[in-house]
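Both of the next two complexes hold chain A, though its partner changes from chain B to chain C.
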Partner chain A sequence: MVTLNASDLSIRELNVKIKELAAQFQEITVVDPQARHNIGVGILQHATIKIDGSVGYYAASLMDGPEVTINGNAGWALGDNMMSGKITLTKDAGASVASTMRGGEIFVGGNAGARAGISMKGGTLVIGGNTGFLTGFMMQKGKIIICGDSGEAVGDSMYEGEIYIGGKIGSLGTDAKIEEVSEEELIELWNELESHGIKDKPRFRKVVSAKKLYHYDSLERLEKTLI
Partner chain B sequence: MCGISGIMYKRSGEKGLAPIGRDLVNMLQSMVHRGRDSSGITIAGERNEGDLIIRIWVDDCADDREILKRSTDTITTLGGHIENSSVQGSFLRLDVRFAGEIRQLAESLLTQRGLELHSIGKSSEVIKDVGTPSSIDSRHSITAIQGTHGIGHVRMATESRVDISHAHPFWAYPFPDVTVVHNGQLTNYHSMKRSYEDQGHHFQTQNDSELIAVYLAEKLSKGASLNHALEESIVDLDGTFTYLVSTENGLGYAKDQWSAKPLVTMETEDVVAIASEEVALRRVMSQEIDRLEPQESEAMTWLL
Partner chain C sequence: MVRDSSQIWSPWVIDDIHSKADLGRYRIRGLSTFQKVTHFDDLTFLSTGLTRFPLEGYKEQCNTRTVLGGLHSEHPLELDIPIYITGMSYGALSANAKTALGKAASMVGTASCTGDGGMLQSERDESDKLIYQVLPSRYGFNPHHLVNAQAVEIVVGQGAKPGTGGMLMGVKVLDEIAEMRDLPTGIDQRSPTRHPDWLGPDDLAVKIEQLREATDWRIPIHIKLGACRVADDVKLAAKAGADSIIIDSMVAGTGASAEVLLDHSGIPTVPAIVMAREALRELGLYRKVSLIASGGIRSGADVAKALALGADAVAIGIASLIALNCNREIPESDFMKEMGVPAGQCHHCHTGKCPVGIATQDPDLMKRLDIDEGAERVANFLNAMTMEAAVLTRSLGKSDVHSLEPEDLMALTMEASAMARVPLVGTNKIY
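== the complex of A and B ==
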């Protein structure tokens, strides 16, 4: 295992070192990150990275493969555009966690800010606490599991995917609706939580797209003239 | 994009004044990536010899010395007495004994072309300039100033020009000690500004953020509490905003209904620190304590 002290390095130097060590299959621990931005960005292979302390914006974003554990808080857009891999955050995430995520898993032990899972295109986002305003905004695929309460306008303009909420729903967003959760789904969700050390078994409710904003069959006026 | 920060030492009454200037410069410098065209701070709760601290800035085109002399004459004519004065380039700082009406004082000073009033406060002052926090600190020795609380701003201009006048904080003319720093854009700025001007309010710049200061001044002058004024602003102001306000004995924030601009806080028994990013909080809070992220339509105040 190799320990990198982030306070001795520029973020670019730190990320270059992380990539070099990952290529050698070393386990990496980053200490003293001081909530700086862009830590662990663009790692495109399997790696085990532990960050001791809070990180800033875009931490562990644009990544494909690594397992990242962060002991602290994260700023905006943790795991932005993640393709595969796993992020475990022990405390709170800022706004837009898992934005445009395509695969893999992100677990937030505390609360998440506004627009969690905005434009998600795959993968699973699990929030141990509550989420803020516009959770799952314009979500296209994937799964968001919220153990606590959600903010206002959950699933606003979502296309596909599922948002499970264990606590109170602030309000439903435009074109979002609540759907029945089957026993099999519940057991699957509880197993998922157990894998993150959560023993509670909330009676989740599911929010999906009502698909009333789907207008794929209606062509624009100009398009009609072309047919 | 801009960066904002605020800090208050809640027990400075009993424990003595705190290094507000140093803390704000450190916090803002850590967020310099959010804007580096201009920077500014308000330091409140300073010890001063007079009744008022007046901060004047003289436009490059105007004759500095002549204006500074005329300003001191104006204050004296209105019954004021200058206890102390210091000049830093085109910036003038005055400690003044003055028992008259502040609006009248401000109006008389502003009759001079090229003069701008950055602030009038009973125990606070605004220092703002173009450049990064550390560069304006080297010109204005901000680090040395002590107080009880304050707010600061690093600016990346989006809606109005880059110069000293358009840098933050904005003083809530003519309300002593009330100043504002803002991250965002106000979309009903022009209509609200016109209606305030019709009511006789004065604007010194074309920066949309100045509207928030005038808005709060109007609310406070009608007897609203600071917290109430902040809460009402979330409904009345349109656009994206997270802003901080500093008053004679208070510090507060308000955040828009879209939660569009970031803000995080950390608080202990002694200190509350607020900033756009946690990276700034880490510069002043050494303990590992919980970080809170205010959500949409939230306002909060701390009073000494």
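== the complex of A and C ==
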């Protein structure tokens, strides 16, 4: 295990060292990150990284494979475009957590800001607390599990994917609807929460796409002959 | 006697209203605007006479080598010519078209660019220099592809449809495209307008840093802007840390857009370049941040004029597709029968029924485009454009296309004089 003191390093130096150590299969601890942006960007192999302190925007983003634990808060776009791996954040996440995520899992122990899971394309996002407005906006695939409340316009313009909400729903977004959750789904969700140390068993509700905006509902005269 | 048609209630306007009365929505089509705007044809070069000496075409070299994005990156984009092929999505275009474009770019030592929907492997294989787009949709965005690119292009806007996202009609969202984009097959895809992870120029600066960290600061980061509020947008993009700025004008092309955006938003290429140049000059970043012009570049003359106005390079889209056979009757095609219009007048890219195999996902139609033959045609066209630009440059007494300057131009109309900020022919006056 190697410890890096982020306060002694520029972001460039820190990320170079993280990548070098990851390539050597070392376990890495970063201390004193000072909520700086772009820590742990672009790691494309498995690595075990612990960050003691809060991080800024884009922490652990554009990654494929690592397991990252952050003991603190995170700024915007934690795990942006993650391909695979796992991120565990003990406290609150800012806006756009898991933006365009494509695989893997992100767990936020506290609350998440607006646009959580925006344009998600796969993977699982679990929020221990509440989320802000436009959660799951333009979501394409994947799963969002919110133990607390969601803000306004949840699931707005979703294509596919599922958003489970254990608390209140601020309001449904455009073309979103509520669907029944089976007992099997509930058990699966509770097991997922338990894997993150959450013992609560909320009666989740599920938000999915109503699929009414999939197609333009009329064609031009010429298009009717061509298509 | 029947009077001529009304200017306001022209036959086209009447047909347009009839169509919208049937549709109940905005109309969608491909290609580019049909508005009549000031363009490069309204400018002319002042070739040499007694005041300057021309260069001999056959024995005096004219340099066309172009370096883009060297401000922050370790490896700027080095091109043999000041023209590259702009981003057009695999989805809007067929796999054969994208592959042919990549191959053509390599044949002449320039670059091609991905597009909405991610990277097609055959384009990556054929393209020596590939620019990787980062769009609001992030369809198919893969950090492994990012780190293997030669440049990154953050798309803030597109000239043909600024202020809105991409569009791909369901006839083109077949299984492979749908899978790449993580969408249901057959959906009428409308891409997001805004990026998911940043909202304003201050966030954009952090986003640029993220992409630099992911690519180890090796390659340039470009920002593409739809040409609208050019002065402000260029300054903000430059201050956010862009290595290059692409200014994409209202005459740029698209595979599908709401027609109202095609014809009623954005500004033409000529004033866009000038405003971008002056914005960079104001910041002391002119010729440090590279300026790339796109929108309606059709010939070497357009290339030369764009460079003279202040661009470092140009990007072409529609012209490269026309070189590939767009709007050309080929033995396999019958435009009237297949598209309802003669070759030369087709703009129905959005239908996916392209008779020459370019803007389609139909495998039978795609077969009509041979990759190698298509690549050769595009490479020929790029060579022809470069030679045209060089001929003009030498006629001006210059040995480098990047030495072209506004003083080499005059305007043929008052509007062009005002937009290009060059004198009107026969006068010393800039209108």
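Quick note on the criterion: the second predicted complex is superposed on the first by the 215 of 227 C-alpha atoms of A that agree within 3 Å, B and C clash if a C-alpha of one lies under 4 Å from a C-alpha of the other, contacts with A are read in each partner's own complex, and residues count from 1 in each chain.
We adopt the following convention: a residue touches a chain if its C-beta (ideal position, glycine included) is under 8 Å from a C-beta of that chain, and two chains touch if they have at least 3 such contacts.
Note that this is a predicted model, so its numbers are computed, not measured.
In the superposed pair of complexes, A:Y57 makes contact with chain B and with chain C alike. In the superposition on chain A, contact of A:A114 is made with chain B only, not with chain C. Shared-chain residue A:W76: touches chain B and chain C both.
In the superposed model, A:E152 makes contact with chain B only, not with chain C.
Contacts of A:G94 after superposition on the shared chain: chain B is touched, whereas chain C is not. Applying the stated contact rule after C-alpha superposition, one finds that A:H37 touches each of chain B and chain C.
When the shared chain is aligned, no partner comes close enough to touch A:T135: not chain B, not chain C. When chain B and chain C are set side by side, the one touching more residues of chain A is C.
Legend: residue contacts after superposition of the two complexes on their common chain; A:E160 is shown touching chain C, with no touch to chain B.
Looking at chain A, you'll find residues 37, 56-57, 76, 115 touch chain B in one structure and chain C in the other. For chain A in complex with chain B, the touching residues are 34-37, 54, 56-57, 73, 75-76, 91-92, 94-95, 111, 113-115, 132-134, 151-152.
If you check the complex, the residues on chain C that touch chain A are 19, 22-25, 27-28, 137-139, 141-144, 146-147, 169-171, 181-184, 187-188, 192, 196-198, 203, 206-207, 209-210, 213-217, 338-340, 348, 351-353.
In the complex of the two chains, the chain A residues touching chain C come out as 11-12, 15-16, 37-38, 41-42, 44, 56-58, 61-64, 76-77, 80-81, 83, 96, 99-100, 102, 115, 118-119, 121-122, 137-138, 140-141, 159-160, 214-223, 225-227. If you check the complex, the residues on chain B that touch chain A are 33, 258-259, 262, 264, 277-279, 281-282, 290-291, 293, 295-296.
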